[in-house]
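To keep things clear, I will list the structure first and then write my remarks on it.
Labels A, B, C, D, E, F, G and H are assigned to the chains in the order they are written; within every chain, residues are numbered from 1.
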Amino acid sequence: MQEGSSSDFATVDHDRAARCGHGEVIYAAGKLPHEVVAIAQELLERGSSPCVLATRCDDAQVAAMREAFDGKQPIEVGERCGAVIVGTAESKSTTPIPIVTAGTSDLKVAEEVALTCKALGFEPYPINDVGVAGLHRIMGRLDEVRAGNCVVVVAGMEGALPSVVGGLVDVPVIAVPTSVGYGASFGGLSALLGMLNSCASGVTVVNIDNGFGAAYAACQIERA
Amino acid sequence: MQEGSSSDFATVDHDRAARCGHGEVIYAAGKLPHEVVAIAQELLERGSSPCVLATRCDDAQVAAMREAFDGKQPIEVGERCGAVIVGTAESKSTTPIPIVTAGTSDLKVAEEVALTCKALGFEPYPINDVGVAGLHRIMGRLDEVRAGNCVVVVAGMEGALPSVVGGLVDVPVIAVPTSVGYGASFGGLSALLGMLNSCASGVTVVNIDNGFGAAYAACQIERA
Amino acid sequence: MQEGSSSDFATVDHDRAARCGHGEVIYAAGKLPHEVVAIAQELLERGSSPCVLATRCDDAQVAAMREAFDGKQPIEVGERCGAVIVGTAESKSTTPIPIVTAGTSDLKVAEEVALTCKALGFEPYPINDVGVAGLHRIMGRLDEVRAGNCVVVVAGMEGALPSVVGGLVDVPVIAVPTSVGYGASFGGLSALLGMLNSCASGVTVVNIDNGFGAAYAACQIERA
Amino acid sequence: MQEGSSSDFATVDHDRAARCGHGEVIYAAGKLPHEVVAIAQELLERGSSPCVLATRCDDAQVAAMREAFDGKQPIEVGERCGAVIVGTAESKSTTPIPIVTAGTSDLKVAEEVALTCKALGFEPYPINDVGVAGLHRIMGRLDEVRAGNCVVVVAGMEGALPSVVGGLVDVPVIAVPTSVGYGASFGGLSALLGMLNSCASGVTVVNIDNGFGAAYAACQIERA
Amino acid sequence: MQEGSSSDFATVDHDRAARCGHGEVIYAAGKLPHEVVAIAQELLERGSSPCVLATRCDDAQVAAMREAFDGKQPIEVGERCGAVIVGTAESKSTTPIPIVTAGTSDLKVAEEVALTCKALGFEPYPINDVGVAGLHRIMGRLDEVRAGNCVVVVAGMEGALPSVVGGLVDVPVIAVPTSVGYGASFGGLSALLGMLNSCASGVTVVNIDNGFGAAYAACQIERA
Amino acid sequence: MQEGSSSDFATVDHDRAARCGHGEVIYAAGKLPHEVVAIAQELLERGSSPCVLATRCDDAQVAAMREAFDGKQPIEVGERCGAVIVGTAESKSTTPIPIVTAGTSDLKVAEEVALTCKALGFEPYPINDVGVAGLHRIMGRLDEVRAGNCVVVVAGMEGALPSVVGGLVDVPVIAVPTSVGYGASFGGLSALLGMLNSCASGVTVVNIDNGFGAAYAACQIERA
Amino acid sequence: MQEGSSSDFATVDHDRAARCGHGEVIYAAGKLPHEVVAIAQELLERGSSPCVLATRCDDAQVAAMREAFDGKQPIEVGERCGAVIVGTAESKSTTPIPIVTAGTSDLKVAEEVALTCKALGFEPYPINDVGVAGLHRIMGRLDEVRAGNCVVVVAGMEGALPSVVGGLVDVPVIAVPTSVGYGASFGGLSALLGMLNSCASGVTVVNIDNGFGAAYAACQIERA
Amino acid sequence: MQEGSSSDFATVDHDRAARCGHGEVIYAAGKLPHEVVAIAQELLERGSSPCVLATRCDDAQVAAMREAFDGKQPIEVGERCGAVIVGTAESKSTTPIPIVTAGTSDLKVAEEVALTCKALGFEPYPINDVGVAGLHRIMGRLDEVRAGNCVVVVAGMEGALPSVVGGLVDVPVIAVPTSVGYGASFGGLSALLGMLNSCASGVTVVNIDNGFGAAYAACQIERA
């Protein structure tokens, strides 16, 4: 094993903050609780980042994180999405990053967007339940939607909201398809395809339910 | 062969007008030109319908129809979609049937909707190129969209327009996905899935590019 | 937050009854029990609709609804499909809306169709277990099938029943594919494709298992 | 090269008639015209079969076959499907094998069924254009449909006809999905899935457009 | 309700034995235990069949059937597949119906084939675990495989066994793809496609895991 | 027709530059040559944009554009991708926008990226044929890749290049899957899925072959 | 039953070691615990192999194996993947077989690779968590990667690592897609397609999560 | 541009022979004829390889290659598959590499395998048309199949041949699915899935029709 600081099961990428602007984030799914804690500790000790973000933690992983860090470090947990922030992010910008959701069922993914923004040092600004079946809801809040340097739009079902938003703003729209829907939504495929085929210009897309990825890209744009 | 009037290759359904309210329509794809003409003649002679509609005719089929009927019967040809009307439809209603298209590339399918309405005795009313990337276009014509007892919405790409229209009217919306788009539109699948997953209520869907089917259902609603 | 009556997690669309003819319906999936209750209360208090419908409630949501409304409002629960009606619908029509099912396994979806019709003020009329493998069953009940201004047909497996019904009636057929079947039915995809490709005219389709959507469209047609 | 009679590009299976009851059939697609002729000659000379069948021949292959065998052997060509029979089949049975088609667009595939039956020594009996949108057509010919020991049903679009036939006969139904249809028929996938999910018992299925395979199985049943 | 003997939730097809040669079979999935029992009782009382078959029963349904019929009727339960036979089938033939499985994981589906054969009055003959990775296993038992008038072949993974069997026998091969496999087998899709594309002639296919359907077709062939 | 300047077949969105920062772009596919010219003229005359871009022009459309504008306006044609620029863009930024291609077969799409950047007033900077099978190629040009505020990465086949680039830069990566590949690339689906599942953070994706969309988003980021 | 040593439910392939170089491996999924033990005992007794490998054992199967063999034979259990080795393999080579994983979530599949290598008499050499988002990790360990006669690469998500490794070594790369990922990874399909479309030469692919298959092929190459 | 020898449109990887054992191969699809020639010349001049291979050349590209190299270098063209070899390969081994095809329609892909082997300095050994529908054909040539250190198996339709071969040899099997087949073969998907799910151990798979990739891997194994 050549890279000293690596544990047996992981090769932590301590150089990432230098290369990419932010240290490695822990994707908890499929890891044992103690592995999540160990990687978090290694990241904090080596000082790669002032704070650490772990996404998709289940109850056992959240408990292990609380046990390891409560009382030693500030810790924030997203109850819907299982994201955990340990430590305090250094603020990079106070410009709001609007996070627009189509319906209340998309809140789980939107919470992952918001917590990721916070962990990276940016300001999430939620605008909830303003889907296209009642257009006046988004039309009535256009000033808020246009207040940032990009917009994150979270939607399931037919995934039409990013096209509507894309036609109303002059900043990049990052579209997050969610697995909300049933039948022929095929676990988010319907929303994903809708967003990829958006007739509005300037819409780019991330993976289904990938709130983390959307937030990361939004923060990079904000900093650009 | 038991059913007297049938030719060798076809068993024409002369009873359909009695059962379904309109005689059999000829789906020309895969038929020889003379077969299309022969079926049209049998339908006209047996008096199933005052006029006959053949959809999806290619150039050779259109030519054969013109040669057979020009000078004997009124004949109208949809140049984009290959629909042919022989004879004159009996008017059933003068209420407009709004046909809303998202973009100019959807005109081919919209023409099939319009000609089918005419062949069945109803009034098509086109509202073109008012897709969701520029919402003011559809918002500025809501009176026209709301003037009928149903609305046909024709859209490709992400197929978002029916959701928007469905949220603005109190009549049924018949959504027609088109194969317009590229890449991950997969020949209209993207628009089809989007429409099936519409977050607006009252939207029903027909097959990709099936302008005929949408018009037929719209006319049945108009008559209901 | 600009729209006064909205809670934090939801932007209830109180204008919908005016625009679309019926107030917002609560799609319970993915909402917390207290959220379902809160939205129902807001809808009833603001008077958007004389009665409220929540679909796809699980046991906890049904219990929360019962606790909130029992003794205060009439409440009806569909035990198979989890639809809940609170309040009393104002009758809009007494013409029956025939709901035809192919097999007994499709009853869950058919119940959602029936309860939605009732909540919207219309009369559901079930005709059960008359699939195409025994044609005499549907042929023997044609008068009932033809008694309305449209027909809802619910079927899984190959989804052939709407084509047969479509060839026998002169009103619109709304086809609901169900996820009933195994193996290559792929969760209802087989029935969905079958219905979209129906050789009968006048058949339109809603999403897999979407009894609500089919009923909503049927009621709009009935009122048209 | 160990098997004496084999040419360089082919290892003809001269033992097949002994094992399977009929000699190898030439699937012409992807073969050079002279290769098709050479294999046909080898099969005839080695006496594997009294006659040879080549399916899916294009114009050049048909021409090569005519040039090689015209005047020397009886030769029959299916103009729609490109099947070629050289030589005369020995009759194995005179019981009709009913071949039921849903529409006239399915005739191409039905012709391959018929010619294969003839090449194997059996009697094809076509019943055309009796799809489910007009049920009286198939109901009026039930005696003919029931006259054999199995039924071949050829249908595209939603592929519903085999389920209806399966519910009316007490012999095996071999269903052939065709690529007839548009949009969401996806090249015959819709009909294929419909047939695999048939609610009628006793329906088995072959590949899309595989008239040859259906006929071969039907002849084996007839002989069983 | 026009058909007297039908219960509210079901329209039992008492005429099926006359039309199709065997009475209706109960597909238990999605039915309440008492509904399965009620339909079984109605079928036995009306004398449609000397014995009744219910497939895909879960534990509760099996228990309800045992409680209703134990001590009154002979009852046989397939422990792997959940098929239940009540009553005694009248023997229709003593010719064996070979049921060939590729691996031991396919035994669940093969049991459904065997019990269906028995319920219909035919003799199942299992030949287990003789897949293509060890060809000598099937080659060593060819006499048994060739002893019937058809062969049922049950296989998962790549579904190659029917092609090999099809090249060795002169009777129809009914192929049953199973959902056995992992990764890119996609729930049996791989085996299904393999069987539909079989290079051997005379292979027809039923739905994934549909042991019932394969047996039914085999018995019809046996009786043909 | 309410919107004065609109032709019959199109409702040109003259307000788009105000809302979105750039006027409507003409997607030529499916339009008649004279329609492309007419829309271009309307856009130039109404002054929505100082220059007009039409993408996906075929030979006839390019010829019509040349005939209409040669000698009157500057005109530039992308010979590989069929994009046409008429007029001169106003420069918005001189920061290079790196456009990285995996192989030479991706050049067609990369050209659409480059011409769109130019039409919008930005500076494309191509870095060609540096795919992951020879990593030293991209490693040797990292300074150039890092010179902008975002990177566009164009790749077909497995679509791995965006992940590698995403791990090396601290700006947003816009990934464009191309339809380059054969067999199981399924028209770009393989690259699309690869990019959506990128293990690198900050990668967002546009539709297959959608060079226009990627460039548009990149320019919005550059301007943000 | 002709093959003496076979139990009723299984036809163990005792000849496989002679033909293929290694005896049959037990794929435990879908087998009863006592069946797994019985096959293992038969294989050990008949001496087909010095040791026996069972893959995909669940807890009950592992327990049954321990109960049957503990104290009698050496037994090793892979806790993550459920592989069980009974007996001691005869060493065939001491050249390391490098097993490279992209992330820590791929460890389960990598463990199946390693245990299979050991059971076949070869030396697994794990190199973990060196995915493409941090290229320096794999670049820093190239000597180890190049130390064998082939490389096994295990990766989920976009499956890019085999392409990178393939461009850096001159031995065959066996790529194992894993089902690690979410949303549009579709259970490993994304990684599978990525690997099949690898732009690097010399990459071959096994089924999703099929660590056994990859190891088996690697050992055959090592022995070649 | 940093890498001296690279042309504008290509960054030729001259280091590849050192890293991977063989220089870059030209994938001609999507390149202009003069680009194919230019890359070939650069590769020959820089001496990366003693000979150059270009695959998938169309007629114009073949003509350009002939014009550029005829009379100057030995040149060999695969007429079926469009592979072109310029120069003379240095022999690396005389052990035959068996290339087994299922049917004559697979010859196009097999030719690409053979020419690639030759270009890399190895000996292709074709064994044609020995598919599983006639097992005696492959059984009769086992000595030839077993003569090398690996086997390449090329098959379309159900792709069963690799499983059969895999159960008969003790060397790695490289399976190449071909797009030969119709209907539900979906362009080779059926064969691809079949091969990935092979029940035989030691089978690895390359992309559909990817004869080049299979040959490359086979040669690496041969040299291992």
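Heads up, the rule we're going with is that a contact is a pair of C-beta atoms (placed from the backbone, for glycine too) under 8 Å apart; a residue touches a chain by one contact, two chains touch by 3 or more.
In this text the structure is predicted, and so the values were computed from the model without any measurement.
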| item | value |
| --- | --- |
| Subunit E reached from subunit B - shortest hop count over touching chains | 2 |
| Pair in F-H, C-D or B-C that repeats D-H, with over half of contact pairs matching by residue number | F-H |
| Centre-to-centre distance between subunit H and subunit G (centres being mean Cα positions), rounded to whole Å | 27 |
| Chain centre separation in whole Å, for subunit G relative to subunit F (CA means) | 44 |
| Residue list for subunit E, restricted to those that touch at least two other chains | 16, 103, 133-134, 166-168, 183-185, 189, 192, 196-198, 201, 207-208 |
| Touching pairs - complete list by chain label | A-B, A-C, A-F, A-G, B-C, B-D, B-F, C-D, C-E, D-E, D-H, E-G, E-H, F-G, F-H, G-H |
| Of all residues in subunit D, those that touch subunit E in their complex | 16, 19-22, 25, 149-150, 166-172, 174, 192, 196-197, 201-208, 212-214, 216-217, 220-222, 224 |
| Partner subunit D, residues of subunit C touching it in the complex | 102-103, 131-135, 157-160, 163-164, 166-168, 181, 183-186, 189-191, 193-201 |
| Residues of subunit B defined as touching subunit F within the complex | 103-105, 107-108, 128-130, 133-134, 136-137, 140-141, 180, 182-185 |
| Parts of subunit G lying in touch with subunit E, wherever the complex brings them together | 2-3, 6, 8-13, 15-16, 24, 27, 29-31, 35, 56, 177, 179, 187-189, 192, 207-210 |
